[in-house]
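Letters are used for the chains, namely A, B and C, taken in the order the chains are written, and counting of residues starts over at 1 for each.
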Amino acid sequence: MEFFLVLGIPLLGGIVLALIGHTRRAAEYNALFSLLTLIAAINLTVHIVNHGPQLLFQDQFFLDPLNVFLVALTALVGFTTSLFSRPYMRIEHHHGRLTVGRLRLYHSMFQMFMFTMLLALTTNNMGILWVAMEAATLTTVLLVSLYRTTASLEAAWKYFILCGVGIAQALFGTILLYFAAEKVLGHEGGALLWTHLNAVKGTLEPTVMSLAFVFLLVGYGTKVGLVPLHNWLPDAHAEGPTPVSAVLSGLLLNVALYAVVRCKVLADGALHSNLAGVLMMGFGLLSVVVAAFFLSRQKDIKRMFAYSSIEHMGIVTFAFGMGGPLASFGGLLHMTVHSLTKSAIFFAVGHATQKSGTQLMEQIRGLIKISPTVGWGLMLGTLAILGMPPFGVFASEFLILTTAMKQQPWATPFLLMALGVAFASIFGKVQPMVFGESTLPKLPHKPAMLPVFVHLALVLMLGLWIPPYLAEWYRQAAKFIG
Amino acid sequence: MNSILLQFLELVLALALAPVLTGWVNQCRAWLQNRSAPPLLQPYYQIVKLFEKDVVLAHHASSLFRSAPYFIFAAMALAATIVPTLSTDLPFGPAADAIALVGIFALARVFIALAGMDIGTAFGTLGARREMLVGFLAEPALLMVFFTASLISHSTSLATIVETLAHRELVIYPSMAFAGVAFTMVSLAENARVPVDNPTTHLELTMIHEAMILEYSGRHLALIEWAAALKMYAYSCLGLALFFPWGIPEGAKFASLAIGLPSLLIKLAIGGFLLALIETLSAKMRIFRAPEFLGTAFMLAVLGMLVHLLLETGK
Amino acid sequence: MNSYYGQIINLLAAGLLLLSFAMLGQRRILSLINLFMAQGAVLCASTAIVAFVTGQNHLYWSALITLLLKVLLLPAILHRLIRRLNIKWDVETLINIPTTMLIGIVLVIFSFNLALPISELAGTVTRSTLGIAMAAVLLAFLMMITRSKAVPQVIGFLSMENGLFFAATSATYGMPMVVELGIALDVLVGMVILGVFFFQIRERFDSLDIRHLEQLKED
């Protein structure tokens, strides 16, 4: 019961908001639905923590420490984003960038997007996982193209085509997976259920599984934004509305990576070799390095942070690729803190760009003068994402780096160098935006800075002290990933 | 003994039937285009008429120019006798396989191209160049088609290929579908049919085959026209042998002619009608499109081979 | 008897590949849609035969879905779209067609090579078709890369879906029904969204040429 609420509320929200999303209170309803989803998710999490992993509805849904933690995170970030988007979208409407009809589309698609991600996280069926990922692409395509400007249309088109093609590769991988599985499990239903596959993973045909994993990694990797499949990501982040950038970076990338990790567990079991890990490390490291160098060339603030997302997703992919309890623990922690920090940054960036009326960093100056909260929010968020202690990103990056030194010493110089380059480029650009002079007027609506500081406080807490039950939970999940 | 007689019969049949086939295609074309058709035997009348006329030679025509028609005619007649039509047990069979057949066609092509250039007129040279361009692209495609068939029957001998394809239990070869399309395209190009060349045109800038033989007259022209008809007949029989081999008698028995001959005639009639249909339905393409057309044919033939390797081996 | 059905499916597989190549070499949008329709029909036929051979009733349903969606509905939508958008010709490809074809051949060899070891493992009658399905997917991918107009790109996308579906039905005898329904729904919704997109792109750019969509890039 706890579980079906988690899926049912956003689905219902999507339908209801499709009908009433244009009314004056729609943003509040959106936040309300997100809040209810969050409550349901917390309730579910408590239930799973108390009762252990569960299979539901003829084994079609599966909840374990790995995905329930992502469910909780998704619901949380979804809720705070809906809080942030309330004033943000009002201001956009006020500026005339959006019509009422578009707002309805936005609210409805936001909830549908939450639904597809929660479905992708909780389903036990690898086929449904694919369907949900594709549906998430479709909803976000509509969200990215919301402004209907030439740039946003271009970004959405690119996003659709690239992710469509990518996800088609993932479907092929899924078919190959089924192909390998039906010989062991037979035709009757169960051959795509992850738990069933996991039980027999040692007997799956290695040749097929290695090919299947390559296709799955390329397919879902496109959605994670791994280099060289990342081209859609900066465009989609830069041209969509900022709340959408926040959920894309904070949530969608995580969910896609979650799909990759699920596949990796199966591939590792079948292959008796480290192929999956090596591939993930390769893609991860390449993403980190390439993204770090692209960072310094960015002029658009949202694009820059989009590249930063690629970089961090690369770090997490690398960590999962290394494997082992410590690296996986670090990867999970980094996933959490990155998604909290990055969404907080996008919230702050959203208000900053609204105040300045531009996304070009050269023209954004003196945020701390116009609005101290936005300025401090952006500054702290930037420090956090750059891995400054005492924030949580420092803890997770430290963990991943030390593990890398021990397990894959060759990779450490690349990682360190990339982190250094990223630090220099981002800090050098954010600093003058926050401090410096400006004569811009105030905004018509009060910015919602609460989500930013809540996120940053959580990240700070994770940097200083991980609550024991959370740590235990991470450990279980990490053991699971292997 | 039987087989030698049969071989001889095949030759006579080829010489006799080739102009009829051309006439039949022309008739079908006229019928499809709502024109009143020329008589079926029109090509004969033409050949006879040309034989009766005197030969007019250019002053500086070399002996090559004079001898080329005989070589071409001989090559085409030989080609037509190699292709199994009435029997698979032919004395010429072992002497020349599919690859040699392509060689014979190439020999004829070289002669006609050289003869076209011999006089030194602009059109002859232009036609010869274009002919070589078409041939250069068509030959590999034709070879690939043969290779696909050879892979199936493990032999390049035409007789063995026909026997394998026709006289075993029915097996569907997807690769032959590719090869069939490729072969059709190659035959259209090689026989100067519509999408590549137009056999009835004398519009100077677009012709290929006609441009080369502009200077010929009298019995030389008659032989060349006859050779062209033979070429089409040989290609048609080759197509039938590779893709619709049912009805070609195995071994050398006169009794089986009762089935073999009518089935050959029916298949040729249908084939000719289809050729006329293709010609009516398609428009002649620009000469610069011809490489693309033949490239596609080559690619299809290669694909056929690949498909064979993937789908049809290891069964 | 079974082996005959296997051969027919092989023949259909070859037909699918042939159609993929025809699409790759086709310049006209109208013919492209018709080819796509033919591909759907081949897919439908092969699915129905697999259903008959294996006696898996749910495959009849997926054959029906294919028929409705890929042979009737999507081509109808596409026809309607190009009529409304008034685009019938598409002469431009980014790479000329013979080169594209050659790359296509290389892709086919690549995928056949990749599929060979797998084909030997399959227990199904139609084990060899996996390579063809993979080739069809890659060819559709190539078509998307080489076309500069929006509509052919989308047809390429749909054709890629066809290849995947073929892999699912012929090589593995069909995915579970839920999954197939989900995939069909995604394709349909995606198509509708793209249809809306076409109009917006044209409204913004006065053209459906994707080369206008090149403002967003790294300097």
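The working rule: contacts are C-beta pairs under 8 Å (C-beta built on N, C-alpha and C of every residue); 3 or more make two chains touch, one makes a residue touch a chain.
Bear in mind that the values here come from a model prediction, so they are computed numbers and not experimental data.
Of all chains present, the one whose mean CA position sits nearest the global mean of protein CA atoms is C. Farthest from subunit B in terms of Cα centroid separation is A. Computed from the mean C-alpha positions, the centre of subunit B lies at a distance of 36 Å from the centre of subunit C.
A separation of 65 Å divides the Cα centre of subunit A from that of subunit B. Subunit A and subunit C have CA centres that are 31 Å apart.
Shared interface positions of subunit A, i.e. residues touching 2 or more other chains, are not present.
In subunit C, there is no position where the chain touches two or more neighbouring chains simultaneously. For subunit B in complex with subunit C, the residues that touch the partner chain are 171-172, 174-175, 177-178, 181, 291-292, 295-296, 299-300, 302-303, 306-307, 309-312, 314. Interface of subunit A with subunit C (complex): residues 125, 127-128, 130-131, 134-135, 138, 141-142, 145, 148-151, 153-158, 160-161, 164-165, 168, 171-172, 174-176, 178-179, 182-183, 187, 189, 191-192, 205, 207-208, 211, 234-235, 238-239, 294, 297, 299.
Only residues 56, 114, 117-118, 121-123, 130, 134, 137, 141, 144, 150, 153, 157, 160-161, 164, 167-168, 171-173, 175-176, 178-179, 182-183, 185-186, 189-190, 193-194, 197, 200-201, 204-205, 210, 213-216, 218-219 of subunit C touch subunit A when the two sit together in their complex. Against subunit B, in their complex, subunit C makes its touches with residues 4, 7-8, 10-11, 13-15, 17-18, 21, 25, 97-98, 101-102, 104-105, 108-109, 112, 115-116, 119-120, 128-129, 131-132.
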